[in-house]
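We call the chains A, B, C and D, going by the order they appear; numbering starts again at 1 in every chain.
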Amino acid sequence: MPHDYLTDVPDDVRERAGRVRLVAFDVDGTLTDGRLWYGEGGREIKLFHAHDGLGIKRLHAHGIEVAFITARVSHALSERARDLGITHVYQGQDNKRASLTELLDALGLKAEQAAFVGDDLPDLAPMRMAGLAVAVANAHPWIVEHAHWQTRRRGGEGAAREVCDLILAIQDKSDTEREHWL
Amino acid sequence: MPHDYLTDVPDDVRERAGRVRLVAFDVDGTLTDGRLWYGEGGREIKLFHAHDGLGIKRLHAHGIEVAFITARVSHALSERARDLGITHVYQGQDNKRASLTELLDALGLKAEQAAFVGDDLPDLAPMRMAGLAVAVANAHPWIVEHAHWQTRRRGGEGAAREVCDLILAIQDKSDTEREHWL
Amino acid sequence: MPHDYLTDVPDDVRERAGRVRLVAFDVDGTLTDGRLWYGEGGREIKLFHAHDGLGIKRLHAHGIEVAFITARVSHALSERARDLGITHVYQGQDNKRASLTELLDALGLKAEQAAFVGDDLPDLAPMRMAGLAVAVANAHPWIVEHAHWQTRRRGGEGAAREVCDLILAIQDKSDTEREHWL
Amino acid sequence: MPHDYLTDVPDDVRERAGRVRLVAFDVDGTLTDGRLWYGEGGREIKLFHAHDGLGIKRLHAHGIEVAFITARVSHALSERARDLGITHVYQGQDNKRASLTELLDALGLKAEQAAFVGDDLPDLAPMRMAGLAVAVANAHPWIVEHAHWQTRRRGGEGAAREVCDLILAIQDKSDTEREHWL
């Protein structure tokens, strides 16, 4: 594991990451830096990161399911999901634990096979339910407290990519991934 | 208080925060990073932070009044206030102390029951009047000098959330808040 | 001088700042963070900082002339200048030294009475001519080498404000300025 | 070499940089900070840096070829290339090594005369082929591992400028360049 953020991954996190078949991401503050645009047409704008996009596509290519679960509703997220080939998109969800439960049922997976990546209090419930709870670098302190692992990069700046890299590395897919790009 | 920015809060600040019934926020540089958009339709755009929004909504839910007081006028702020359910919005205010005084009178509160959060010289007068004066991390040095407390995060990046968390923690509302999200 | 960035100002810089009657600012990288917007209507957008705007207005109020000198042309800068009451705006200037010379002649000032604030090589010639040459924190190394003083903040994040504060402080206008806001 | 990022350049990198006749840049994450805009008309927006633009123009003026090679397609990049006078623009390239090979053939250059600057896995193949492989500060760890040199600045914040400065300095063009601006 040649990623600096993957050195010294605790055994407990390795075991949890090894079981993951679904990674669910919060959106604002996790896939973005948490800034919300207001004003003339600005409401719809979200900035996603190229590194996260590549990680999500590769995770998906290796057979791991990916979902986006958010309390807000935006056309921007729908477009992003379409570009990445992600079909599990839950928008306008006040109860993210319910969304995650619904998705797990639909996929025939157990909670311990899910990872949830978040940054603020509405993510607390699905994180406590998921087998692997990840907090981004800029997460609220209560979220960090409940996370099994915390990324080094902030939301919208590559935090999601670290989660993708972690899971591929732990599940021994890094070598085939590396060959894919050489 | 498990927030890293709430450890070692001085006794004087704890007493001041304990009396707060109204938190008034400056906008540019405090709820945003202070960047002003110029150009084709860009004038109206402001970027607020998701963490601040959640903190403000929860503070409000616990019965603390919230106000926005700014020298500028923008549709973006009006929209943001509406989304957060904040009705005390003072735009185009050259004299922020007068705005704060007017609001305190309307609410039947004393100055010592108000907190004012700011970042630059027009915030100096209302900060000197308020029971709790807070400077954001990126505030002008003269503002820091007059503040009782300074946030660790910069304006537009979660500074307002720290103030909300401080007041809820000092007023013993953190436990019920935490239960709300678990 | 209670500004952290104004402690330990060398005697040479103090003498130079004491003579300044005109402050000329480069725009991209100095009043902005140097990012240039490309795309659908985006070309016109510039982000200026609220702290810089206040400093420039107050410097002007104390009788110091202010100018913007830039190689580019944008409606955004014209709007910003109008909002700040700045009339000396030189856009589309390939030779910034010539622009500065022209302005000094028009104002009846000597080069030693001018400060020039910049960040990259086209600013080198006017900086070498001006009595006080200032490089912003993120300036190119060759610019830093030729500067009498360097700001702690980056362009577009308050660098210009530090220059305004420096000149007002050295010219003994800080006390009246402070009274203005208390 | 008065640039702080050009002190202690290893001999191997100096030799590689001395042979460079073409510098090919990836775009998102290398010439930008990697953020992708989604939403109302936002898809087309890219933010390039003024420092990078100047470096690229000067590198070009000294007879070094410059190319942009990217997997995405945007009008924003076409506009940027036009402004900088760059005609070698490869958009929508899934195989960047093939694009670089094609360009080298067209220019009659060898791979050891090319530099490739990138930040993520699709840049790995052209970087391994090029005589000088450069990773930006925020590059993915696997990219850093395969780079001969890494910039101190992040993509979109002056990383490309450091590469331009490196090549001009190593090829003894810094003195004439400096005279150009004094």
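Note that in this section contacts are C-beta pairs under 8 Å (C-beta built on N, C-alpha and C of every residue); 3 or more make two chains touch, one makes a residue touch a chain.
Keep in mind it's a predicted model, so treat the numbers as computed, not measured.
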item	value
Fraction-based call for subunit D against subunit A, same above half, different below	different
Remotest chain, subunit D as reference, centres from CA atoms	B
Intercentroid distance (Cα basis), subunit C paired with subunit A, Å	43
Inter-centroid spacing, subunit C versus subunit B (mean Cα positions, whole Å)	31
Multi-partner residues of subunit D (each touching 2 or more other chains)	37, 41-43
Arrangement of touching chains [line / ring / star / complete / other]	ring
Touching pairs among all chains present in the structure	A-B, A-D, B-C, C-D
Subunit B residues within the subunit A interface of the complex	2-5, 37, 41-51, 53-54, 74-77, 79-80, 156-158, 161, 178, 181-182
Sites on subunit A touched by subunit B in the complex	28-29, 34-43, 119-122, 124-125, 128, 138, 140-142, 145
